[in-house]
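Across the two complexes that follow, chain A remains constant while its partner is chain B and subsequently chain C.
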Partner chain A sequence: MATEDRTIDGFGQVSRTVGTVFRYLLLAATLIGIVALVILLLFVANDAIQPLTADPGWHLTFFATLVVPTLAVGGYLASRNQSAAAVGVGTIGLAVVTTMFAGGLSLIFVDIVDSITWAAAVLTLAVPTAAVVAIARVSNRSPLELLAVAVILYYVSLFGVPGPLRSVVGTGQLLPGVGSAVASIPVLPVDWMLLFATFTLPVAVVVRYYARQLVDDRTATAIVAVGLVAVAIAATAAPTAGITPVPATVLASVVLLPTMTYVTTTALSRPHDRVGLALPGAVFGGSLLGAVAVRTLGYAGPQAWVDWQFLTSAHSRNAIDAGLYPAIGGSILLMLTVAVLSFPLGVGAAIYLEEYAPDNKLTRLIDVNISNLAGVPSVVYGLLGLGVFVRYFGQPSGTVLVGGATLALLILPIVIISSREAIRSVPNELRQASYGMGATRWQTVKNVILPRSFSGVLTGTILALGRAIGETAPLIMIGAPDVLFSLPADLSSKVSAMPLQVFAWSSLYATPEFYQRAVPAGVVVLVSVLLSMNSVAIVLRNKFE
Partner chain B sequence: MSGDDGRTDGGTVDPTDDDLAIQTDVSASVQSRDQRVASTETVVRAENVNVFYNDAQALNDISLEIPENRVTAMIGPSGCGKSTFLRCINRMNDLIAAARVEGNLFLRNKNVYDDDVDPVALRRRVGMVFQTPNPFPKSIYENVAYGLEIQGVDGDYDEIVEESLRRAALWDEVKDQLHESGLDLSGGQQQRLCIARAIAPDPEVILMDEPASALDPVATSKIEDLIADLAEEYTVIIVTHNMQQAARISDKTAVFLTGGELVEFGDTDEVFKNPSSDRVEDYITGKFG
Partner chain C sequence: MTRDLSSGVSRRKFLLTSSAVGAAGLAGCTQNNDGGSSGGSGGSGGSDDSDDSDSTATGQPLSGTINIAGSSTVFPLSTALGEIFQEDNPEVNINVQSTGSGGGFANFFCVGDTDFNNASRPIKPEEEEQCSSNGVEPVELTVATDALTVIVNNDNDWATELTVDQLADLWSAETQPQQWSDVNSDWPDQDIELFGPSDASGTYDYFIESVLGEEGPGHRQDYSGTEQDRTIVQGVEGSEYAIGYLGFAYYTENSDRVQAVAIDDGDGPVEPSLETARTGEYTPLSRPLFTYPKVSALSEDHIAEYARFFVENTTNQDLVAGDVGYVPLTDDQQAEQMSTLEDAIERAND
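And then the complex of A and B:
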C-alpha cells in the first residue's frame, strides 16, 4: 500500500504551460502567413475566373465527371500505393508544366523567330560542332589544335569566307556561312518540317537520354521513335482542327513526346506503379467528358477573364478586349536573356569562390558584399541599369537587352549564393578522392563537383529567375513601356512584361472594370507561371538529392 | 601505361568466402608473410620530416625507410600524426592551407617536396584509400576507370577495370552490375571499389588511411586479406587504430605517440614482442591510447 502511494505521488508534475503556449504561438505564426496568402490568392482567382457565373448544371456536370472520379482514384492510390500515386501526380504535373512551356515556345516560334531563322541558327552551330567532335574522335589532336580548328570552323559557319575579314583580304564573298546558305536555298521544306528537324529531334535526343535511365537502349529508341511519328502526325493533322502546323509541332514535341515517353517507360520499368496512371486518366478523361457533356446539355461555363482571348490579345481601351499577349512574350524574352546572362556568370563566380579562391581578406570581403548585394532594393538595380546600359553604353531605353541585363544583375547575387550552397554541399570526401587519384582541380570540378551539384545549381537559378519575372521597379527605371501592342521583334526592341502590364492596368487605366477584372486575371497568369517554374525547381531538387 | 603488365590473379584464399575470412588470424598471416620473396629496396624514405599546422607541430623529426612490396603499418593514439605522415607522401597536405612541411621525403630517390615535383603527377603514382568509403556518384565501371580517364589513357578500359575489380576481390559480386551506381553497394563493397579505383592506374605505392575503421568485422577481414594480396605487387602503407590489425597484416610497424614522434619502427614481430621503450609497450598492451 505504501509503495503504491509513493509511485503515484512520488514524481509529481512538471509544468508545461509556457511550452504549450509557445508551441501554439509558433503554430499561429505559421498559419497566419499561409492562410493570409491563400485567402488573397483565392480572392484574386475568384475575380479572374468568376466561377459563380457558371450554370449550376455546369458545376454539377464537372463535379460528377471530374471531381468525384479524381478524388476516388486519388484517395485509393494514396491509401494503397504511395509510389503509384506519385507516378500519377508526376504525369499530370509533367503534362501541365510542359503545356505551359509549349505555350511560351509556340509564341516565340509563331511571332518572333520564324522556322527558317531558327533552322539556320541551329545548323550554323550544329555543323561546326559536329565537325569538331568528329575530328576529336578520329584523330588524336592536342586541345590547342582542336581549339584552333573549332575557331576556324565556327567562323566559317557563322560568316562564310572571307566574312568580316573581307576588308583586309579584299575579295568578294567566296563562300557563304551555313546560316545564309540555308536561307538562300530556293526550295525549302514547309515550316513545320524545318522545325521538326531542328527542334523536335534535339528534344527527342534529350528525352531518349532520360528514357535510357529507366529502360534498355532499344526500348528507349523505339519509344522515342513512336513519339516522333506521333509529332509528325499531329503536325499534318493539325490544320483539320484549325491549328496551324508550327504551334502544333511545338506542342506535340514539348508535351506529347516527353509525357508519352514518361508514361511508357514508367509502365515498363515499374509494373507495380502502373495503376498510378489511372489518376491522369481520371483527370484528363473527366475533363474531356465534362466538356462534351456540358456542350451537349447546353450549360454555360463561367465568364472567366483568364481565357484564350485574354492570353492572345494585346492591351485595349475596353477592359473586355484587353489581353496580356505582348507582356507574356516580353516576360519570356526577358527570362531567356536573364538566364543566358546570369547562369554562366553566377555559376562561374560560385565555382571560383568555392573551389579556387584562396581564403584571404579579399575573398571574405567579396563574400560579405555578395550577401549584401542580394539585399539591395530592386529599384537601385533599375537605376544602375539606367546609368550603365542606357546612359553610359548608349543603348536605347526599355529594350529586351537592357531589361534582361538589368534583371540579370539583380538576380546575380542570388544565383551565386545558391550555387555556392549547392557546390558546398558536395561531400569533401569526394574532392579528396578525386585529388587523391591525381586529378587536377579542373578535372575535379568537371567530373565530380559539377555533376554532383548541378541539380542544386539549377534549382537555385530557377528560383532566382522566379524573382526576376515578378520584378516591376527595375523595368520602370530603365524606361520599359507600360503598354505595348505587339511582341518585341528582337533583342533591341522595346519590351513590356507581365507585372508591368498589371501595374499599368491598376494605375493608368484604373476603371473599375480594369482593376477589378483585368488586374486579377493578369495576376493569375503571372502567379501560375511562377508556381510552375517553382514546381520544376522542386522536382529537380527532389529527384537528384 | 598499359597497366596490365605482370598482373596475376589474387591470392589462393577466396576472399569472398566469409567463413574463411573470419578464420584469418595472426599466425596464418605471419606464415604467409615469411613465404614472400625478400626485397630490400626502399621505396619511401623520410628524412627529418616536420609538419606544422599553423604553429602547432603535428610531426616531429620523422625519419624512416619503407621497403618495397611490404605492408607497413602506422599505429598510434589519436592525434599522433600518423595520418598526417601518410598524407605527406602524396602531398595531400598541400590542399590544407595551414599545413607546412619541412624536411625531405623521397619516393624512389626523388624528393617529392622538390620544386620541380608536380603534386598532381605525384598523386598519379601513389594510390590512396580513405577512412570512409568514398566512391564517386557514378557507375562502378566509371569509378574504377576514373584514374585512367583523368590521366588520358587511350584505349579500352574494360580489361583494366575487370582486372582491378578482380584484384580488389569484388569482380564476382559486381560483374553483372558494372553500369549501376557505385553507391548502391554495401559499405565493405564500396571500400573494395575504392581499392580497385586506387590500383587501376597501377600506382607504385598504395596509402591506406584506416581503411577498415568504418566497416563491420566481416568486411574488415576481407579488406585485410586483400591487403596481404596487394603487397605481392605493391608497397602498401596503412594507418590503423587497431593494433591486432597491424600485427596481423603488416611486415613493418611504425609506432607514433602523442606529439608527433616516431618512437619505434621495425619488423612487426619485433615491435610487438620486444618493444624497445616502455611507452610503446604501454601503448601496445593497452595501458593507454
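And then the complex of A and C:
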C-alpha cells in the first residue's frame, strides 16, 4: 500500500501549462535568429531603397497594377491548383535568377574577356576534345593509346607545333596553336556572332538536354531552335534599344533561351499546369504596365541607392557617386577561381574517401581532421594564404589568384563533407548491382555513383561558394586593396570583393552618407547575389532528391 | 517559252540578288581582328603581354597598375586623388589599402609590394633600413598638413580646454590616471574611457612624439586602440567620460557628434581648425602628412605621372580642404616637393 502511494506522489502534479510553456519556448528558440535577421535586413533594405521617398501615387499605381493582380492570381492558383502555382513561381524565379547571372556574365564578356579571346579559348579546348571523342568512337584503341593521343592533341591545340619544345627540336614554329591561329585570322565575325557560336550554342545544348526530359526529341530541338533565332534577333535588334550586341547576346542566351524553353516545354507536357503561367504574366505584365503608367502620370519613384549607377560605377569620394562595380566583378572572378580550384579537389577527395579509402587509422584521422578544418576560423586561412602564397611562393599580394586560392582552401573541407554526404546517399544496392554485372570500381564510380550524386555534390559546392563570397577576413589578410577603381583584368591583378568594399565604406569613410546609405546598398546587393546562388542550390536539391 | 525564259531570268536574278545580299550581310558581320590584344587574357594560355610596355611619353594613353598602402589618415586624400586620376587615365588601375603608416612600410612597401606608402609621420630609421635591405629607395613627399584633434563627449564641460601637460598626464604610461579627478581634482570622480589609434598608426606615433616626447614615459596601453577612426568617434560619442584623438578630417565629418578640445601650448587654448593649423598657431598637434613613392617605380611613366599629379593637387583648396578636410600646402612648399619629385624621377630614369 505504502509503495503504491509513493509512486502516485512521485508522478507529481499533472498540468498542461508546463508542457505548453515549454513548447512555446522551443518555438521562440526556433524563431529568434530568423526574426532578428529579418528585422535587420528590413532596416538595411529600407536604408538602401528608401521606399518612403516615392510619391504616394507611385505606390498606389504599382499597388493597382502589380500587387493586386499578383495576389489575385497567386491566391487563385494556390487554392485551386498547387502544381500550376509551382510552375508560375518557378518561371518567375528562373527569370529573376538567370537575369542576375546574365548580369554577371555580361560584366565578364564586356569588360574582362573579349569575345575573340573567349572564342579562341573555347576552340582550343573543343577541337582536341571533339577529336579524341571521335577517335575513341571510331577505332578500338587501348586506354593508354587514347591518353597519349589526347595529350598530343591538347598540346598541339594549346601551343602548336613544336610549341615550347622549339629549342629542343631546333626548328621554328611550324604550325600555330588553335588560339594563336584564331588570333592571326585578319577578319572575323563580329563580337556577338563569335559569342553566339561559342557561348550561346553550348548553352543551347544544355537547355536542350533538360527540355528532352519533358518532351520528345524533335519538339525539344524545335523549341531550342526557335530560342536560338530569338537570341539572334535580340542581338541584332538590341542597338535600336540602346544596348550593345554583346550583353544583349549574353542576356538573351542566359535569360530568354532557358525561360522560353521552360515555359513551352511545361505548357506542352503539363497541360493542366498551363494556367500557372498567368502568375509570371501578372508579375511582369503588371511591372511593365506600372512603369509605363508611372512615367505617363509623372510620379517619382523612390530615391533608391541600389540603382543602375550604383551597380556600374566605382568607388567615389562622394557617397552619392560611389558604386560597387569593381567589387562585383572582383567577387565574380574570385568565385570562378574558387569553383575551378575547389570543385575537382573537393569532389576528388570525397570520392576517394567514400569509395576507395580503406577503413583504417589513417583514414579515420583524415576524417576527423577534415571535419575540424571546416570549423577553422577564416582569418586563419587568410594567414595561411598570406604565408604560403604571398610570402613563400612570392605572389603579389591581394590578387585574384591568391584570393581565389585562399578562399578555395577555406571552403575545401565543406565541399568534401557535403560531396561525401551526396555520394553516401547513393543506395548501396546500386553499387552491388553494378559490381554484379561485372563492372570495375572505376566504371561503377563513373557510370553509377557520379551521375546519381552529381546534383547533391553541386548543391553542396554552391552553398560552400555562398560562404566564400561573403568572406572578408581572409581577403584583408592577403592584402586585398580597400579601394579599387577598375575591374581586375586577369588572374594576377589586384581584386576587391563586395564584402570588403562594404567593410571599407563602413570603417574608412567618416561621412554618415557612406555608412547610412552606401553600406546598406552594398549589403542588399551582396545578400541578393547570395540568395540567388542559394536558390539555385535549393532547386537542384529538391529536383533530384 | 516566254514563261520558261522569264523563270530562268528570275532564277538568275534571284541568285544574283541573294548572293549580293549575302555578301553585304557578311561584310556587315565581320570585324578586323587585332589579335585579341584588348581586354584581359582569360586564362586561355594566350599571350601574357606586360601591362606597362606600351606606356611611352609619345601621347599614348598611360596604362598600368599603381599599388598604394599606408596611413588611414592619408587614405581619404589618396583615394580622392586616385579617383580623379583614374577618370582622366582609364587605363591606369589604382588600388589603395589602409594599413596604418607602420604596417604599410613593414608589410607592403619595404618588401617591394607597393609603389607608394602613405604616412602620417616621417619614415623611421629602422624602416629605411628594412627598405634598403630589399633594394627599395623611398622619396619623402609632403602632401598636406593635418591638425591632430583631441575629442571629448558633447556633454563634457570640464575638459574642453586642455594644456599639453594635462594631455600628457592623461595618456602617459607612467601616471595612468584612472579617474578624471586624478588629473585635476576639480574634475568628476569618474573613470576615464580612452579611445585612440592603434600602434600601427602614424597618428599614434605622432601623438607620442609631440605630446609625450620620444624619450618620455610612453603611451599607456590600457585604452581602446583601433585602425578605424569611426570607432573612436563612436566610442567618445557613446560615453560622457570618454576622450580620444584622431585626424582632423574625421573630426570635421563628425563635428556634431563629438566636440574638439582646444589645446593650450603655453599661449592660451587654440581650437583645431584649418586656419590655426595653417598659421602654425595650433601646436604641437599640427603635423605634416606624407606619401613615399619608391624611386625604382618612378621610372614607369604612369607612376611618375600620378606622383606629379598628387603633388600638383596638394595646393588644391577644394579637394584637400573641402572634400577631405586637411590643410593644403602653400605654393612655395609645393614647388619644393615638386623639385624633390623631379629629382627622384630623373634618378629613376638614369
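The rule is short, and it goes like this: the second predicted complex is superposed on the first by the 531 of 545 C-alpha atoms of A that agree within 3 Å, B and C clash if a C-alpha of one lies under 4 Å from a C-alpha of the other, contacts with A are read in each partner's own complex, and residues count from 1 in each chain.
Assume contacts are C-beta pairs under 8 Å (C-beta built on N, C-alpha and C of every residue); 3 or more make two chains touch, one makes a residue touch a chain.
Treat the numbers as computed from the prediction; the structure is a model and nothing was measured.
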item	value
When chain B and chain C are modelled together on chain A, clash or fit	fit
Which superposed partner A:429 touches (first chain B, second chain C, both, neither)	first
Partner chain in contact with A:99 - chain B first, chain C second, else both or neither	neither
Touching partner for A:439 - first (chain B), second (chain C), both, neither	first
First, second, both or neither for A:184, with chain B first and chain C second	second
First (chain B), second (chain C), both or neither touched by A:535	neither
First (chain B), second (chain C), both or neither touched by A:358	first
Chain B versus chain C as contact partner of A:452, first or second or both or neither	first
More chain A residues in contact [chain B versus chain C]	C
Nearest Cα pair across chain B and chain C, whole Å	36
Contact set on chain C toward chain A in their complex	28-33, 35-36, 38-46, 65, 67-69, 72, 75-76, 79-80, 82-83, 86, 90, 93-98, 107-108, 113, 228-231, 233, 249-250, 253-254, 323-324
Touching residues (chain side chain B, partner chain A) in the complex	90, 92, 95, 97, 120-125, 127-128, 130, 132, 134-138, 146-147, 149-151, 154, 194, 197-198, 201
Complex contact set, residues of chain A against chain C	111-114, 116-118, 120-121, 124, 158-159, 177, 179-180, 182-191, 193, 314-318, 396-398, 479-486, 488-491, 493-494, 496, 504, 506-512, 515
Contacting residues of chain A [partner chain B, same complex]	140, 358-359, 427, 429-430, 432-440, 443, 447-448, 451-452
